[in-house]
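The structure appears right after this line, and notes come after that.
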Amino acid sequence: MEAMYLLEMRQIDKQFPGVHALDHVNFRVRAGEIHALMGENGAGKSTLMKILTGLYRKDTGEIILDGQQVSFNSPLEAQRAGISTIYQEINLIPYLSIAENIHLGREPMNRTGIDWKQVNQRAERILREMGVEADVTQPLCSYGTAVQQMVAIARAISVQAKLIVMDEPTSSLDEKEVEILFRQMRKLREKGIAIIFISHRLDEVFEICDTVTILKDGKLVSESPAAELSKLELVSRMIGRDATDVLRRKNGVYQGTGGVPVLEAHGITDKEKLRGVSLRIRQGEIVGLAGLLGAGRTELAKVIFGDNPDYTGTLAVNGQEVRWKAPRDAIAKGFAYCSEDRKAEGIFSHMSVRENMTMAILPRIARRGLVNVGRQKDIVDRYIKSLSIKTPGQEQLIRNLSGGNQQKVLLARWLCMEPRLIILDEPTRGIDIGAKAEIEALIQDIAGQGISVLLISSELEELVRNCHRVIVIRDGKNIGELESDMLSEGNIMRTIAQDILQEGGACI
Amino acid sequence: MKKKNLFYAFCKKHGVVFALLALILAAALLFPEFASYGNVTNILNQNSMIGIISLGMTFVILTGGIDLSVGSLAALSSVLAAVLSPKGSLAIMILVPLAVCTAMGLLSGLIIAKLQIAPFIATLGMMMAARGIALVMTDGGVSVSVDTGVAETFRLFARSYLLRVPAPVWLFVLLLVTGLYIARRTRSGRYVYAVGGNEEAARMMGLQPEKIKIAVYTVNGLLAGLAGLILASRLGAGQPVTCDGWEMTAIAATAIGGTLLSGGRGGLGGTAIGVFIIGVISNMINLQGSLSSWWQSIITGLLLLFVVMLQSHARANGTGSTEIAG
Amino acid sequence: TDSENTAVPDADVGVDSGESEVLTVAFSQCGNQNNWKVVQTNDMKEKIEARGYQYIYTDAQDDTAKQMSDIEDIISQKPDYLIVSPRESEGLTPVLKSAMDAGIPVILVDRGINGEAGVDYTTLNSADLIWEGQTCAQYMKEQFGDERCNVVELTGTPGATSTIDRNKGFTEEIANYDNIKIIASQVGNFNRAESQKAMENLIQAYGDEIDAVFAHNDDNAIGALQAIKAAGLKPGEDIKIYSMDGQKDALQAIIDGDMELSVLCQPRFGDSVLAIIDQLEAGEEVPAFVKNEGKLYTIENAEECLDEAY
Amino acid sequence: MMDSIAAKNGHTCIDWGQNIRKYGTIYAFLLLVMFNILFTRNFASMGTLWNLTIQVLPTMLTSLGMVLVISSGGIDISVGSVMAISAVTSGLVLTGKTPLLGTDTGMAVLAALVVALVLGLFNGVLVACFKIQPIIVTLILYIAGRGIAQLMNNGGTIVFYGNTFTEIGLYRVGGLVPVQLFVSILFVWIIAFLLKKTTFGYYVQGIGENGKAARLSGIRTAQVLISVYVISALLAGMAGLFECSRASCADPNAIGQLAEMDAIAAVAIGGTSMNGGKARIMGTIFGALIIQLISIMVNMNNIPFAYSRIFKAAIIILAVYLQREKRR
């Protein structure tokens, strides 16, 4: 009987000051299954996993692994017991090489010490299998989030584990990588390894998972085989009400006036990735940027936002040529940029939600450098409500919020600026389905108010659903542009594939 | 490691290497005595103590910490050696100070890792405490000479030569090579980098940052004790009030050598160069010989400024990173 | 024989000036952390350069280890004479011995080292710091007679020889007198501001019990004086101050009746050192110890001596 | 059952822990005061209070500057040298050694502060624009600055008796309350105001917390960092002025020795993270008070120097321990 479950967590309870994060939750996983853990932002998924891996101490409850009661005091102990983890926030060492990050803690040794040759070769092999092309001897921090995420995955699945915890591994991956990941996951399942999979992308869950456990507000809602659940039902259980309205899909056609484009970028070339990419956004238009991993989308966003002054090509705002020296110049012209790397480039982790949300708007709510705290609080209040950010209050430290809620605070930081153009780099990364719908609605809404949006997303579906026009880039060059009827996931994929084919042909 | 990586590492260190070469060139042109055997041996010999301390300091700083207690520990070690010398046993004179300094390093490490007190404060405390103990042992700061019974043999510790190179220099080179090996080829060495790079991540990856930090401060205590022994042997006496400010010199050497004070990046090679940059500057000032004390400080400051500017320039060109200082 | 040895390297180093007659004199100063030292350094430079000698100067920044390195660097430049103001009496003996072995006469100023004159160094030129401490005690006894005399001691930099010797001379001397005793001894660091603070706190703690201050130098004394005044006490009546150095400010305070005594400790060594060098050059024997005579500055002579103070 | 009781206890423990963490420095200070009232003779009197307020001022001022610097993610070990340079500058003016400036007290103060400002700019520009590690930049000024101070009067102490300038340092409002008290309050208020109420305060802490995110939020990081170092230097200059005004002399060798250590210790005792971020003013104030109170204790109880070091070390570590941040 007992042996049926590889892992059983019974009556797990966890309190944080002001938050009852887990309320006597039962959670169990069979060997050789892929088990989805679902729930809204702040439902307690990550907390449950952190308790499992010994990062947090539980208040009450017991954990039974392989028929034995266990209680881990550190991730090391959990690792030794065969639990391997990918945490929600990428937790790797920025200055160490990719290869080292994959092997840290279990480096192959030879007589004279660490066998670097083997470290690098193995890392290269693992990553190649996963379709990632990167120089494994380079420091991790010289790569973007997607590569980092793949490295974290590579690290987790290259150990001998019984159970692998994956807390939102796909949030910064695009379709191709997700497919690779799933292939790996299936292989692992065949070997009898259990996987706990957390994701906010429903399609993924239905594609890969066997069982689904749903949490809401720290309480267990249900556990059932994936096959017995419909999408609608799953979402309804997660949000605790009928979800028909959440699953709406719509794609508007650009209604705005033509006129001078709000932003026109021409022939942008930088020192690393960009090779003459061009782009035009009109007022109130939502333009999507699609491309494979490392296509240069983030780099382009940074040039547009003035974070990389080292480029050639021209930028024009409302027809006037500009040259930014720093992001604040772009901000002054009404630009906003919500970064894809929320930990490294977004949050001020020891500061409160209030301080985090208003960091960019301060000059506007201050007179002669004096912050008008009343107005500040009003704004924060308004956005906590309108984005339904789950926090005990404005003064909560942002690091104590769940990942998705942190993302919402960052979004609010820019939305409250009422920008002319907002660049959203993976804005729904780690955001639950309900909130995602809200954010998508919000994007439509702000576009309706005449704000232009540049949307970068790895979820093609999201682009198709929201954008008026999608620009496809590859290797820092435009390879296509899709609009209205032509705009579909299939067409985007086809554009990319064609380009790869052409190039491949040319090469041979 | 791949060739490319080594080259990359070399490029990043370029600035310091060039700065040292520039200083040496300038010194050799300005002062004919500079390149003499005697002077070169002096520089190597004099800086081997700071060098040894800086090696430990580099590991400490790589974990994102700092250790202010090294100067006091070295002084304490020299005092212990001298105070114990009447017992007539070289083994006691060497082992006890090393053991005491190691223990005090361990204590710093425990305070930092277990009580989670900022390294700056924990080691500031240790710095004051060690100095206090040295003063208490010597009746308020009276220096103690090494007992004549063992003085001659103990003197050899710092004053014997191998291939015309003094023993402390060999010791420094040996420790440097060992350190480089540990840093590059052993797990513990890599974990030091990992903890400094991102302690939280290191913990999540199953490392034990506490253990690594404790180890690093313990080793640093040991090395400070060793430097103190060399000093005692060179001076033939234990000195409770000496080595003031050595911690700053060691930190400066480490930072000049390109190790980030926030941890995670840098290495011993750069530190060794940093030590000799400071050493050559001090030697140049002595060879110049007519600068007043105040001009000595000012010129030292200006030369350091020159070195870091050169280095920061090289770094900016090397990686083009937009990271913010601090 | 010494001068023969030194003639060779001198020609060797020889800058473009053809004269190998010019002597090179090196001075290794241990630190410049207070006024007295600064005067010493300035005087040495002035007097030696006035002779037209080549002058090499190093500053050990109050660190014996650095002073040893400095001396090594000096030896490698092969000067004709080496003047050393040692940071401490222990520790420099080996390196000074090697200077002597290299044929460079070593003239110690200000403070001796643990070693033998003629072997480890040539001669020592200094004041007697123990005597200075004793003198303060004696003068105190003279003024207080058999009345109660509770002394507050403001010491110099911990570990400095001047601190240790002056304390030694004083405490040994007062052991002979029943009425004089030290009720508190705190660090003044040869620093006015620090002494001022320490004295403020001591007055707060001991109040009327304090009858006298034994300050390890004039800076300490003047710091204490300011604290006494600020506390509304009368220096000279409520609390008497005794110190050493012979600084102008101290003499002025004595004239004003704020202080009782400052024992001269001459910081200017230039002339006496040059006299020693002349003797050595002439091939004469020099005694192992050349004493700088101390002198008491009191209300009797402060006025007339004001100009000779520094 | 047992578990749930433990959980409840744990909960109250957390609250207590938080409380101590928040006010730990104050508790540590009060503990020290209590201890002294019981064991130190003549401690419980206004005289001690006035001594404390007078003597703490230089440490208070430098710590206030330091808390800004540290919360911006840097460190400033040059404060002692800056103190010395500005003290000597004022001394030179007062004694008429700078013929162009006259011997006016106001001019002396102004000149000293201008010099401090320039030194702060030096630090700030190197840190912000040349991206050199703060500890190295300020170490350079720490070394060279002491030399500059000595050079300015050829190493000698400048003495100036009986003028307005020295009277300021000794002035007692109503013949009783030292002027230092008001100066402390004024600057504490100014820095607290800057940190809590102005955009500048948000920016400083934001930069210390995450420089990259701060830049992307449109903050002029270089400008803010430069201001931080300038303010620190100005406060150090001010500290130097008060120190030398009270002692009626400017000693280039002695003024500000080890001031940087006291200031950093005060900030750390006060609970500000050495890695930058949230600045804790209240903690810093009490940190400075603790540091000075220890010196007073040592003096008043006639604790020998050697033991005083060990004693001071223990108290500092204890105070920091009381309000360290727990891991989970």
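Here the chain labels run A, B, C and D in written order, and each chain numbers its own residues starting at 1.
Methods note: contacts are C-beta pairs under 8 Å (C-beta built on N, C-alpha and C of every residue); 3 or more make two chains touch, one makes a residue touch a chain.
Bear in mind the structure is a predicted one, so any value in this text is a computation, not a measurement.
Undergrad: Sort out for me whether B-C or A-B is joined by the greater number of C-beta contact pairs.
TA: When B-C is set beside A-B, the one with more contacts is B-C.
Undergrad: Calculate how many whole Å lie between the centre of chain A and the centre of chain D, each centre taken as the average of the chain's C-alpha atoms.
TA: Whole-Å distance between the two chain centres: 43.
Undergrad: As a quick test, compute the distance in whole Å between the mean CA positions of chain B and chain C.
TA: 33
Undergrad: I'd like to verify one number: the distance from the centre of chain B to the centre of chain D, where each centre is the average of its C-alpha atoms, in whole angstrom.
TA: Here chain B and chain D have centroids separated by 29 Å.
Undergrad: Counting only residues that touch at least two other chains, what does the list for chain C look like?
TA: Correct list: 32, 41, 158.
Undergrad: Give me the residues of chain B that touch two or more other chains.
TA: In chain B, residues 135, 140-141, 292-294, 296, 322 touch at least two other chains, as defined above.
Undergrad: Multi-chain contacts in chain A: which residues touch at least two other chains?
TA: 55, 307
Undergrad: Let me make sure I understand the interfaces: which chain pairs count as touching?
TA: A-B, A-D, B-C, B-D, C-D
Undergrad: In their complex, what parts of chain A are in touch with chain B?
TA: 53, 55, 74-76, 78-80, 85, 87, 91-97, 100, 104-105, 107, 109, 112-114, 116, 120, 137, 155, 271, 307-308, 310
Undergrad: Note which residues of chain C are touching chain D in the complex, please.
TA: Per the touch definition, chain C meets chain D at residues 32-35, 38-39, 41-42, 155, 158, 183-187, 189-194, 196-198, 200-202, 204-207, 219, 222-223, 226, 230, 249.
Undergrad: In their complex, what parts of chain D are in touch with chain B?
TA: Chain D residues touching chain B: 72-74, 77, 126-128, 130-137, 139-151, 155, 207-208, 211-212, 214-215, 221, 225, 261, 264-265, 268-269, 273-276, 304-314, 316-317, 320-321, 324-327.
Undergrad: Which residues of chain A touch chain D in their complex?
TA: Against chain D, the touching part of chain A is residues 13, 15, 17, 55-57, 59-60, 305, 307, 326-328, 331-332, 337, 339, 344-351, 355, 358-360, 362-363, 366, 369-371, 373, 413.
Undergrad: Quick check: in the complex, which residue numbers of chain B touch chain D?
TA: Per the touch definition, chain B meets chain D at residues 111, 115-122, 124-129, 131-133, 135-136, 140-141, 248, 251-252, 255-256, 260-262, 292-298, 300-302, 304-305, 308-309, 312, 315-316, 322-326.
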